[in-house]
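Okay, here's the structure, questions in a sec.
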Amino acid sequence: MPVLKQIGQRFLKKKPLKGLVVAACMHITKETGALMTTLMAGGARVYLAASNPLSTQPGVVKDLAKYGVTVFHRDYDTDIKRLAGTRPHLIMDDGGDLTWDLTNAPDSWRKNLIGGMEETTTGVVRLRALARGDMLKFPMIAVNDTPTKRLFDNVYGTGQSTMEAIVMATNVLMAGKCVVVAGYGHCGAGVTARAKGMGARVIVTEVDPRKALQAHMNGYEVMTMRRAALEGDVFVTVTGDINVITQEHMMLMKDGAVVANAGHFDVEIDIKNVPAHVTLLAEGRLVNLAAGRGHPPAVMDMSFSNQALCAEWLANQDDTFPFRHPRIYDVPEDIDEYVAREKLKALNICIDTLTDEQRQYLNNFK
Amino acid sequence: MPVLKQIGQRFLKKKPLKGLVVAACMHITKETGALMTTLMAGGARVYLAASNPLSTQPGVVKDLAKYGVTVFHRDYDTDIKRLAGTRPHLIMDDGGDLTWDLTNAPDSWRKNLIGGMEETTTGVVRLRALARGDMLKFPMIAVNDTPTKRLFDNVYGTGQSTMEAIVMATNVLMAGKCVVVAGYGHCGAGVTARAKGMGARVIVTEVDPRKALQAHMNGYEVMTMRRAALEGDVFVTVTGDINVITQEHMMLMKDGAVVANAGHFDVEIDIKNVPAHVTLLAEGRLVNLAAGRGHPPAVMDMSFSNQALCAEWLANQDDTFPFRHPRIYDVPEDIDEYVAREKLKALNICIDTLTDEQRQYLNNFK
Amino acid sequence: MPVLKQIGQRFLKKKPLKGLVVAACMHITKETGALMTTLMAGGARVYLAASNPLSTQPGVVKDLAKYGVTVFHRDYDTDIKRLAGTRPHLIMDDGGDLTWDLTNAPDSWRKNLIGGMEETTTGVVRLRALARGDMLKFPMIAVNDTPTKRLFDNVYGTGQSTMEAIVMATNVLMAGKCVVVAGYGHCGAGVTARAKGMGARVIVTEVDPRKALQAHMNGYEVMTMRRAALEGDVFVTVTGDINVITQEHMMLMKDGAVVANAGHFDVEIDIKNVPAHVTLLAEGRLVNLAAGRGHPPAVMDMSFSNQALCAEWLANQDDTFPFRHPRIYDVPEDIDEYVAREKLKALNICIDTLTDEQRQYLNNFK
Amino acid sequence: MPVLKQIGQRFLKKKPLKGLVVAACMHITKETGALMTTLMAGGARVYLAASNPLSTQPGVVKDLAKYGVTVFHRDYDTDIKRLAGTRPHLIMDDGGDLTWDLTNAPDSWRKNLIGGMEETTTGVVRLRALARGDMLKFPMIAVNDTPTKRLFDNVYGTGQSTMEAIVMATNVLMAGKCVVVAGYGHCGAGVTARAKGMGARVIVTEVDPRKALQAHMNGYEVMTMRRAALEGDVFVTVTGDINVITQEHMMLMKDGAVVANAGHFDVEIDIKNVPAHVTLLAEGRLVNLAAGRGHPPAVMDMSFSNQALCAEWLANQDDTFPFRHPRIYDVPEDIDEYVAREKLKALNICIDTLTDEQRQYLNNFK
């Protein structure tokens, strides 16, 4: 993770997070470990809880503890509560549960709070629901939605690690298999691309007509889940919604059909009613983290560099800044572009730059 | 074009454009012909000028004249002026020249003007420059940017028709060739996908680090044009900017290199200084229209359905509506979604619909 | 066509075909023109007839006549007869009709005949039938089957030019279309790859279980033509057999379905019984030649270099050589490899060479 | 493995291998276990040794022992010797070592021997060397070369499992990486297709000009290993030859380059001289078996069905049959086709059958 590393080196000198408490609810992986130590290098005190118990890498817990990070990892609900209780200045959330707890906590728990960052599509969807209901009590940055996160982590990270995890768990030969992907957002598009790249026939189900049309134009078959249930060998949900694959759908599936979830919560498949002839992977939890190796460091580098730089950006806001008004913010454009530029540098890729003449042309109408 | 056809049938009954003058500057093709007759079915009086003389299909000019459309097609500059002089209620622009002329015309020429629509990326870039300079004098809808246009017409339409036109003009076997695509926006992404699909090795040049990174992650090589110039067999510009391929670049190219432009204006390549060992296609004009068959009707159906429905939407605004304030508007969400939905219907594709439970889940935080 | 050109330069010096008559039945295209002049450079007298009247390029006929080639191009049957009557030493056939006529001609017509070359899959299938029936009267080299022809011309040439011709003839947007390809030999595999590369959903029909399985493993749907008829938007036959798409199949097809043949003869589709709701392209003849631009020179370079070198090889055989025994011969291994090596050179591609140690390892068991 | 299962059921009734000793040197995996029990169902006494100690699945050893198979699994060289000493009627080899030992054994060890089968490309290359040197002492069937093995197991099995194993071992994000594949045979073509399907840029190195040209036409870059060494992030050898990646090559590689072997023996990379900045996976052994999950059962089904049916076919030969002459045999056409047909049935895929008219057309010249 070269970009994050470089940020860490600057943090170590400048201490932009000096004296701040950061409460983070994230998958406890090696990559998260690197983010936490970056924050500490910047001067923060860091508390961490696992956003998903199945994805926790035990070695990382130990290493972080040694390094001075307080890691809560007993019981999910209690851990989140304890995190919320640290009176954080900044939060990093992954799915929205910490945000929810802090929203419903006594005012005093939020007295230091400047704002926070949300890492996932699911979390941002929930933030939007909160904002619509006028219930958002502090500013949150939708890290998930920024191009250098959404267009990379969600597409390539989820795409590769999901298909990888399914193969690791089943040793299915994907060539010739029919893979049904529910949801054609960024993650879904990543999963379909990898499935196709492994030689599978791919079917997409969607509820949004524009995404459905896009899947169709990309050469995938588009149909209802009820019809797809009859065709598929492997099913992957990646929608952010509940009950996308129901018991009724599973009853229709072939003998030996494999069903997996790559969405944030284990609600997309009716996991309580899986018929005997169908194999559910990883208990319906995020399959790439629970049954696979999670996102490769290469994409986490970009996502987590955005996280670290957004933490710094929030820490730099002064009291008069209207920022404290609870709103959902985008990652500042220059942070996003900086991450991209540094990543290219790390990859040794040179690109063109606009000449003055070109820049002027783009800025003039005539 | 089944969606446009269906809109035409409704227009014929409802006459939503009754009494309005529409001035359109577009490529005069069969598909544009269908859009013009749809507007007339809606009650409009229609004036049309060619946005590009090389792309005009002569049969269409005749047919439209017979049908009652006034077609200007002598000299580009004069034609645009005459269009602007029709005191239109609505305009349809393709590249921004009509908008520019009307902006600089006497106020009286704009007295009836409700607003207009812009079809192309280039035109929208110019509109934005105009708006930044506070020079926008009437509202314009960025049809180009709406998902059912941008994600389809630009990607699949430009992608296929550009590669098609190059093969028609050269009979080059793309398998094994090195194709250099300058610009990785929607059009550029479409061109690269088709080039790769034909068995080419593809290099991308960009000035935007995020797009460059995306091209890299999609498996393309990314480098500067100066380096790519040494590698490529075929070059396509699709940037919306000037002098993307310079004389210096062309001097570096292989013997027999083919250079083509798929951007709106013939400014992307230094067409006055093409060395003898390089073949420039279609004089550097939009290669898919000038040397090929243009966009397939299947994508124009969506783009032009948006155009027709936006015309109706503008016509329905009353005087008190703040809309007349000169701004760049998005295509209303419901129009865009309607076009997608009707297109799916025309394709006989059924998709899932959210259950009440699912909709509620998405709208609630907890 | 750099490889053929280089052969031509050597022929000009060495005159390996001095005094020989070559009778060729081929598509009269620019590329064939180059082959004919190469043979003349080698000292041959050349007679040429069109193997398909629809594919003849009139300019080429004139140019060749000027150059001294006798071109027959009145009536197909008569032309072939006249060709056979030239008492050729060598023949070049494309489909097998010249071979058939010469087989059934009086012995005297074959008195000079050393042997010939066959260019197409269809022609080789017919040669095999002839050989099985003990009716082969002179040696023929199956140029079609040699790797540098079959794996390139048939796959990339037919693949690109077929899809190209269909788009030129219809302006169909391939993205999202369902393309049904009958036959998954080399040509069929090429057509499916290009269709997929253009964003189509691809269905394959086959009669050979191994090819069917291969298509399945490559991610294509495999089914009977009767079922595929209900699904397809575009149909391409490339089987070498008759009545692959019958009237019954076409009755099942969607309104507006497009049907085309990329096999050698116009027998694969029941062209006499095409229902009104189905569009047949190019009267069922070889669509890439009749409605498109034919094979790109890049692949013809390899096919025709094989032809020229096989002509030289036959000419070099002496009377005692058992070769005159009528058999179907492969292109000699060293000719095929030479063509590949020269092609790589022309493309500026360097490859590794076996070290002595490596060569020895491959030649030893232990 | 539905096809093998069905064969097993017939074997159980017919006992075609009654009284015969089978000596097999294979990877001891679950799939091999199924093949061994199939042979026992057919009446054979079975001895098994591991062809690669790293790939042995310990559970399978126990299960097979319980079932009555004698498994040798101490020391590779001793195990092979003991296998050879069982005086087998039939052998199944994987790489050629058992064949070699039996060739050099006293005549008495071969007195019962009818013949055997070879599973791998490497083994068949060695058999050919043996035959060229007139050293082949018993007939061997090149199972590896039969279409239903070579076109499936080698392409899809090796392709998926190799890339899978590399990701499992490294968690590298393949999107955007440069993958260098040495060797473009069936296995190599499979690996490149999967690498490309994961979003990698792919470079191929070859020594055969025709394969090099094919890789080029498929859109891959082709160059020497010395040049590729500078470009690659991940290297895979799959050539069957020695020292394809030398110390010199590795010295040129980037920091953190990953090197893996997917060829049969651990001789393709100079494993004794790997510099510190390069990561060698699985000690240079067959990466998909040593670091991954091996070939998916779906392809082993076809390979092992061929093995079982060839064993039966050999057992059915009588003494007068010229078969005992030591030669390398192809899998009989009807066995290969039977396997394909049964596989399609198991996949529920129906294909077309030739009509009488079609069959006749193919068999007639005119």
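Should a chain be cited, it is by its letter among A, B, C and D, assigned in written order, with residues numbered from 1 in that chain.
Just so it is clear, a contact is a pair of C-beta atoms (placed from the backbone, for glycine too) under 8 Å apart; a residue touches a chain by one contact, two chains touch by 3 or more.
Source: prediction; values computed, not measured.
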For subunit D, the least number of touch steps when starting out from subunit B: 1
Between subunit C and subunit D, centroid-to-centroid distance (C-alpha), Å: 34
Mean-CA-position distance for subunit D and subunit A (Å): 40
Centre-to-centre distance between subunit C and subunit A (centres being mean Cα positions), rounded to whole Å: 53
In subunit B, residues with contacts to at least two other chains: 156, 175-176, 196, 199, 216-217, 347
Pairwise touch network: line, ring, star, complete, or other: complete
Residues on subunit C engaged by subunit A in the complex (per definition of touch): 175-176, 196, 199-201, 216-221
In the complex, subunit D residues that touch subunit C: 96, 100, 125-127, 129-130, 132-133, 135, 147-148, 151-152, 155-156, 205-207, 209-210, 212-214, 216-217, 222-225, 227, 240-244, 267, 336-337, 340-341, 343-344, 347, 349-355, 357-358, 361-366
Complex contacts: residues of subunit C adjacent to subunit B: 156-157, 159-160, 164, 167-168, 171-176, 193-194, 196-199, 293-294, 296-299, 347
